[in-house]
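Two complexes are shown next, each including subunit A; its partner changes from subunit B in the first to subunit C in the second.
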Partner chain A sequence: MRKPNRPGAAASIRHTSPMADTPTGHRRRAHTRTRDIERYAGLFAERTGVMRSSAMRDLMAITARPEVISLAGGLPDTSTFPPQTFAAQMTRIAQTSAAEALQYGPTEGFEETVDCILQVMGAEGMLPDPEDVIVTTGGQQAIDLVTKTLIDPGDVVVCEAPTYPGAVPVFCSYQAEVVQIECDEDGMRIDLLDETLAGLDSEGRRPKFVYSVPSFQNPAGVSMSIERRTRLVELARRREMLVVEDNPYGLLRFGGEPLPPLYQLDGGDFVIYVGTFSKILSPGIRLGWAVAPPPVMEKIVLGKQASDLCTSTLTQYFVREYFAEGNWRQYVESLCAIYRKRRDTMVEALAEHFPPEATWTDPEGGLFIWATLPDYIDTGDLLARALRDDVAFVPGQAAYVDGRGASSMRLNFSGVDEEEIREGVRRIGNVIREQVDLYATLTGEAVGASPGTPGREAEDVPAVDARSDSSASISDSPGTNPNDPSQGDVLPFRKAQ
Partner chain B sequence: MRKPNRPGAAASIRHTSPMADTPTGHRRRAHTRTRDIERYAGLFAERTGVMRSSAMRDLMAITARPEVISLAGGLPDTSTFPPQTFAAQMTRIAQTSAAEALQYGPTEGFEETVDCILQVMGAEGMLPDPEDVIVTTGGQQAIDLVTKTLIDPGDVVVCEAPTYPGAVPVFCSYQAEVVQIECDEDGMRIDLLDETLAGLDSEGRRPKFVYSVPSFQNPAGVSMSIERRTRLVELARRREMLVVEDNPYGLLRFGGEPLPPLYQLDGGDFVIYVGTFSKILSPGIRLGWAVAPPPVMEKIVLGKQASDLCTSTLTQYFVREYFAEGNWRQYVESLCAIYRKRRDTMVEALAEHFPPEATWTDPEGGLFIWATLPDYIDTGDLLARALRDDVAFVPGQAAYVDGRGASSMRLNFSGVDEEEIREGVRRIGNVIREQVDLYATLTGEAVGASPGTPGREAEDVPAVDARSDSSASISDSPGTNPNDPSQGDVLPFRKAQ
Partner chain C sequence: MKVAVLKGGKSLERGVSLRSGARVEDALKRLGHETLAVDAGADLVARLLADRPEVAFVAMHGRGGEDGTAQELLEILGIRFTGPGVAACALCMDKALAKHAMRAAGVPTPDWFAINRVALRELGAGEALVELEQRLGFPLVVKPSRGGSALGVRFAAGPSEVPSALVSAFSYDDRVLLERHVEGRELAVSVLGSEALPIVEAIPTGGDSYDFEARYEIGRTRFECPALLEEADATAVTEAALAAYKALECSGFSRVDLILGEDGPQVLEVNAIPGLTDTSLLPQAAEAAGLSFEQLVERILALSLETAAAT
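This part shows the complex of A and B:
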C-alpha cells in the first residue's frame, strides 16, 4: 500500500499562535500583552476587519499530526509522481540551465511555461492567445489578481453557494460584497442568478464579476450543465459582465462526458479563466495562470509586479522539463484512475457509515464530496468532536459568507488512500451517530436505525446512481425525503430549472 | 571569463502588448479595439487608476535581447552557483521527499525554512522569535503583505528619496500617499523626517509606517549611519510608529564595518523586518520573509492565505538542502569578492567615461551605484537613446513618486561581468557626451573637456575615496562643484545633520 503524503508527515508544520510558548522561550519578547495588541490594532487597514481565515488552511495545521486522517485537505496525491522523473528533470535543469533557473523571470512568465499551459487548456478544447496568458503563483494568486484589478470596497461579487472556501478570504480582503447563488446537482442555478441580477439592477448595482467553479466544483463536487453554461455565457455577454471561471479540476474526470469550459463557449471576451498545475502535477510548485482580454491583462500584470515581481523561475523550469517528456496526459489519467477508486470507496463508506438522513453528492471528477446531515447537526461542533477521534473534514460554513452550510461538510477523497478513507468516514459516521442518538433522546423522536450497527451491512445499501447526463448525482440514502422541510437550511441539491 | 546569465539569454521573454501581432495570428481575437478597451475600463477598480509599472520590470523585457548590456537589472549573478550543488540538492530531495516537496505547505512556511532564515538574520546579529517569521514569495510579497495589513487609501507611507523602484507600485496599489525624505551619503535624513512628521502632525495625520532600505540602499547604494539608525528607532518608539526595514543586501558588504539592522536596535517592537534569499542565493526561487510582532503577523498570515495560500514547498526544500550543506556563508563571501571587483570596475569606468559634471555614489556593498548628471539631462530620454546603442540603466524618476530624479540613474554592477561593465559605462558615457556637447552648442556655454576623448587616460582620474567611517562616499569627478546651484534638482548627496 502506498503511503500518501501529507504535509507534516515528513516535515513539521508551524502553528502561529501569539500566545504559544516556544522551546526557545528566552527569545520571546513580551509583546503579546493586551496593551500591545491594542497598540498595533490602531494601525491596521480597514480590510483586516473583514479579512477571514480559510478554514482549510487552519485545518491544515491542526491536522498535521500524523495520526489524524484528514479528509479536510484539497491535496492531490503527490506520492504518485515518480521520484526518478523528478530527479531526472532537475538534473537536466542543473546541467543545462542552472543559472537561468535561479534567476528572476519576466512578470508574465516564460513563453515555455505558456506553451505548457496552452497544452493543458487545449486538452479541454480551449485555444487562447498566448499573449492573453499570465503565469501566476498558483491559481490562488490568479483569483487574487483578478479581484485586485476589478473590485473596490462595496463592489458586488457573485459566486456559488457553496463556493470555494479559499475564494471567500480573497473577496473579503478587497472588501467586496459577496452574493451567493444556490447550486443544485447541475451547478449554479442560473434562474436564481438572473433574478438576483435583476434585483441588483433595481438597486442600481451591477456585479463586477461572477465567480464560478463550473467543473467538479469545490466544495460540492457538482458540475454545471451544458444548458446552464450556455445561459451563463449569454447572460454575461448580454450584460457585459465578466465571469471568472476557476477550473482546477476539469481534466480530473472519472466518468460521464466532458463539458465545454465557459471560456471555450465565450471565446474569452467576458470569461476570465483561472487554471493551475496544482491538481494535475503539483501544488508545491505554486504555478497557476490567468487568461484575460488584453485591457484586463495589462492591469493584472501591474498587480503581479507589485505582488511578487514574477513567478518562480525554478518551478517554471520544472514544468517545462516535465512537459518536454510528453507524458503529462498519461500521468493525469493515472491520477483519474486512482481518484475514481477513492471516490467509489468514499461513496461506499458514506452509505455504510452515515445515517439515513444524510445526503451527499457523487461527483464524476475532482477531489470532493459534499455531504449534508440533518439540520440539527452543526458540522463545526462535529469537527471539534471528530478531531478527538483523529479525523477531520471542512465544515460547510467555510463555503458560505452568511453562516449557511452549518449542517454540511466537505470531504476530500484524493489526498488519502482507500483504507484511510474507509476508516475516516467510519470515524465521522460514529461521531454523527452520537449526535443523532443524542437528538433522539432529547426530543423523543424516533430516528431510523443508525447505520453501522450490527446486522446492517454495506451491501444492504442500494448502489449509488451515477447518471451519465449530469456531472453529479445526489445519492439519497434510504429513508431520506428530499422535500423534508426540516432540511430547509441544508443545501437543496434538487433538480431545479 | 564566466558568462553571466541574463534572463532571456537562454530562455525567451514574452512581451505583453495588446496590439502585438503574433505568429499564430488566427488565434488573436478582435478584442483590442478602442470600444473593447472602454468596455472593460468601466469595470476596473479605482486602484488601477494609480497603479504604476515598475521601471525595472519593463526594462527587463526590453533588455532581454542578448546584445543589450543591461545595467538596469537588480540581478545577482546566479551563474556563480555551482550546478553540481544544484543537482545534488535536487537529487537528495527526489530520493528522500519528492512527494512532500510537491505538496502544499503551511501558510507560514516550514519550520526548517525558518531555521535557515534565523541563520541568515543571526549573521547580522538578529535573533527573532521563530514564531514571528513568515516565509513569503520573495521579499516583494513581504512588502505587499505588510502594506495590505496596514494601509487604507489615503494613508501616508514615508520612504526614502530615492526609494526602491519596486516598492512604489506596491504603495500605489493600496492607494497610499507616499511622502519621500531625502537621502545623503548617510542614508535617510532623519532631521527632515522629524520635520515632515511634525508637519503631518499639524494636519492631524500620522504615517502608518516608514519604509527604509538602510543598508546599501536600492537605488542609491548608500547606508544609514549608526547615529541615524538609532535616532530612527527612537523616533518610532516615541511615536509608536512602525518602521518597515527592507534588508536584501545587508550581508553583501565589501568594505567598512557592519552596521546593526534597525530590527536589532529596536528588538522587533516597532520594526517589521523584510528579508530575502534572492541576493544571497537565488531570486528564481522566490523566497523571502517578514518578521513582525504577533498581532501584526496574525493579519499578515491572513493576507498571505488570500494572496497565494502558501510559499512554494519545492523551493523551500531547495533552501533547506542548501543550508544543510553548511557552506552558505562561504558562498556569500564569494559573491562579495566578485561584486567588490565589479563595483571597483564600474567606479573606474564612471571616472573614465562620465563627464566631469556627473557625481555618483561609491557603495560599500549591495548591487547599485546611483549616478547624477547635469540637470539639463533627462535620463528617461537618455535611456531611449542608450537602448539604440544596446545599453540600459534605470532612469532616476522610477525611484520617486513626484517626478524628481530626472537627471539621475541607477546602475547595477552585480549582474554583468567586468568587461561588460566597462563597455556598458563607456556606451552610456558616449550618449551623455552627445547631450553635453549638444547643450554646449545650444547655450554657447563652455563645458569641461569631455572624458574619453583622446589623450585623457583613466589613470589621470584621481582614485576614488573609500571612507571607512561611512557606508558610501561620493566620488565627485574633477571639476564638479557639489554646491553648484544648477544641480538643485539633483539628489543632494551632501553631508547634512
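This part shows the complex of A and C:
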C-alpha cells in the first residue's frame, strides 16, 4: 500500500505539466483505480490478511505533531552521544577501510562485531560460543528470522500478556496462533504457562517456542523473578521446547539486583537469545543479533541470506570502532543515570496526577511504565481525547492479540525530558479524571472515592476489582464478556508508593 | 488554474485526509493545473495570502476542515472552494443538528436522543438515562455527535453497557448521540452536484461491524457498486439520500450514509467532505458511473465555480 504521507511533498508549489513530473524529475504513477485495487487484492498472499495496520496508526500519525508531548514512543535518548566521537569514528573508517566498509559482508556478520556482542553479553554473565552468533538488522530481524525458521501456519507461539507490540505482527505474518500468558509484577505466570501447555497437549498441539522479554519488559516494565526464570528454563528443557529470550533492556538497570538472563541459566540449549545495540548505543544503526544452537543457526543463516544477504557493513564497522575506544559501558551508565531520573519523575507525576483508581508499574530499568485504569475507560478513546490536549501514549490493546488491555496504557520515559514527562502525565491525568467523574455521574457512584474504598486497590488485587461494587457490570468494548474474569484481569500490578 | 489542496490539519482523521489530498493533488496535476498543497496549520492563511490560489480544493476531514472552519476562512479571504458551504458543513458535522434538520424535512432517520456534558454535570441528566433507554430500546448505538470514521462509536446491548459507551463517545465530543440501532444493509449514496451516483454497499468480510479499520484497509470490507437492490428499494434509497443532501443544504458533493432496514431506508449521516482515498466510496461510485478520478476531480472543481457564480 502507498504511504499516506509523503514527507517533504506537502509544502511547495509545483509548476507542472500534464505529465505530472515532480520537481525532482520522478514521474508519479497515475493513481490506481478501484478495479486495480481489487485486482491487487486478488494477488495478495493469504498471510497479508492478518497483517493489519490499524486505526491507531492514524492516531499515531498525529502524535508526530511538534506540539504533542509524546509518551508514546519507545525511543532511547541519542542526544547525549558525543557528535565528535561519532565524527572521529566515521572519519577513521573512511580513511582506513573505505572500500571494505562499502562492500558486502558475510551473512553471519563480521567476527569483530561478534567480539563486541560477546562483550555486551559478557556484561550480563553470558558466554556464548561465537559460532552460535549471527549479526542481524536490528533485534526485530532476529525475531523475524527465528519465527521464519520455526513457524508453520497454525503453529502456536506462546508469549506474555501484554507482549512487545512489535512482535505480534511478526508472529501473525507467519500465520502463527498467538497464545498469551498473564504477567504480574514478577513477569510471566509460569503456573499459567504450565496449565496452558497441558491444555494444548490435550489438543495434540505443541508450541514451537515461548517468546519472552524477561527483563524490564516492553510494554509492562516488569522483570521475571529468578524463581520463574529457573522454572521456565526447566520447563523448556523437560518439554524440549524453545524459549526465545528478547533482551534489549537488560543492561539498562537503575535499581535492584541484576537477574541472570534465561540464556545464562540454560546455557543455550533451549534458549535462543535475541540482543540489540539499539538501546545501549543507537537504534539508527540497525544492529542486533541472535544466538542459537548450531542446527537452528544453520537455518537462520539461510533465512537471513534470503532476506537481505548481510547486515549493513558500514554500521558494523562503526560498532567495531566504537567498542575499540573501550567506553561503551560508561555510555550505558550515563544513559542509566538519565533514565533513572526520568523514571523517578514519571512515577512521582503519576502519583500526583493519576486518580486513585489507577495502578502502574515501577520498573527497575528499561524504558516503559504500564498503567492500568478502571475498566470502563478505553485507552484508545482516551488517546483521542488526550491528543486534543497535545499529549500521547500507547493504548494497551496494541500489546494483546485478543482485545484485552483496553484499559491500560504504555508510557515511555526515556525519550522526553523531565519537564515534558511532568506536563505530559499531568495532562493525561486530567483527561482520566474527566472520564472517571463522568462515569461516576452516569452510574451514581461517589466521585473521588477515598483510599480504602473499593476504588483504591490493595496490593496484588486485580485491577478489575477496582470497581467491583458497581451494580452495573460494564463491558468496555463490543465482544468482550463482562462476566469473564480473564477478560478484564489485566496485569494486577502493585500500585507504586 | 492555480488550485490549493487543503489537507491534513489537526483532526483525528488527519491520516485519511493526507491520503485524500495527495490523491487529489496527483489528479489535478494530471489535469494540468498548478497545485499548492497545504497541510492546514498555523500558516494556512499566510500561505493562501501569499500564493493567492484561484480556488481551494478542500480535502480535509473531521474538525477544522469538514465542519465549516476552513470554509469560513476561505470566504473571508474571498477564495472559492470545493464542496459544501459553511452552513452545510457545520450542520453535517454535528449529527444531532443534522438529524433535527432531516427530521424537520421529513427525511427518515433512526430515533435518537442527544445528551451533552453540561447537562450531565450540571443538570443531573444521568437520571434521564433510564427514561431515554426505555423510549429507544436496545440495542443502542452510542456515538459522538461530531466525529467521523466510526471513531468512538459503540454498541450497547443493554443498560449496563451504556455508561462506558458514553465515556468512550464523550472522548470525542461534548455532545453524544444515543440512537436506535437499525438492522439492515449498509449503503452509501454519493451526490455530485444534484445527481446521485450509483449506490455502494459495504459488506464487511470478517463479519465484524463496519469499523474504522475496515473502512480504510484494502480487503477488509467488500464493496458492491452498484449495490444489488430491488428497483423500488434503490429508488427509495436514492430519494432519501437526495432529500438529506437537500435538507442539509449541501452543494458540490457529499456522501449520504444509510441503512436499508425492514422499514425502508434510514439516513444515518451526511459526510460533507467524504474520503477520496483509494478505498473511499465516492470515487468508487463515480467510477461505476463512468467517471474516472480525474473526471470526478474536474467536475467537483467546476461545481465550485458554478456555486460561486450563482452567489
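We take it that the second predicted complex is superposed on the first by the 408 of 497 C-alpha atoms of A that agree within 3 Å, B and C clash if a C-alpha of one lies under 4 Å from a C-alpha of the other, contacts with A are read in each partner's own complex, and residues count from 1 in each chain.
Throughout what follows, contacts are C-beta pairs under 8 Å (C-beta built on N, C-alpha and C of every residue); 3 or more make two chains touch, one makes a residue touch a chain.
Note that the structure is a prediction, hence the values are computed from the model and not measured.
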Contact-wise, after the overlay, does A:S312 reach subunit B, subunit C, both or neither (first, second, both, neither)? first
Just subunit B (first), just subunit C (second), both, or neither: which does A:D344 touch? neither
Is the number of subunit A residues in contact higher for subunit B or for subunit C? B
Just checking: does A:E418 make contact with subunit B only, subunit C only, both, or neither of them? Give me first, second, both or neither. neither
Once chain A of both complexes is superposed, is A:L387 in touch with subunit B (first), subunit C (second), both, or neither? second
Quick one: is A:A61 in contact with subunit B, with subunit C, with both, or with neither? Answer first, second, both or neither. both
Just to be sure I read the superposition right, which of the two partners does A:G444 touch: subunit B = first, subunit C = second, or both, or neither? second
In the overlaid three-chain picture, which partner chain does A:D269 touch, first (subunit B) or second (subunit C), both, or neither? first
Between subunit B (first) and subunit C (second), which, if any, makes contact with A:Y40: first, second, both or neither? both
Once the two structures are fitted together, what part of subunit A is touched by subunit B and by subunit C alike? 4-6, 9-14, 16-18, 20, 28, 31-32, 37, 40-41, 44, 48, 52-54, 57, 61
Of subunit A, residues touching subunit C in the complex: 1-2, 4-6, 9-20, 28, 30-35, 37, 40-41, 44, 48-49, 52-55, 57-59, 61-62, 65, 376-378, 381-382, 384-385, 387, 435, 438-439, 441-444, 472-478, 482
In the complex, subunit C touches subunit A at residues 7-8, 10, 12-16, 18-19, 22-23, 26-27, 29-32, 34-39, 51, 117, 120-121, 126, 129, 149, 151-152, 154-155, 159-164, 166-172, 209, 211-213, 216-219, 223, 278-279, 283-284, 287, 292-293
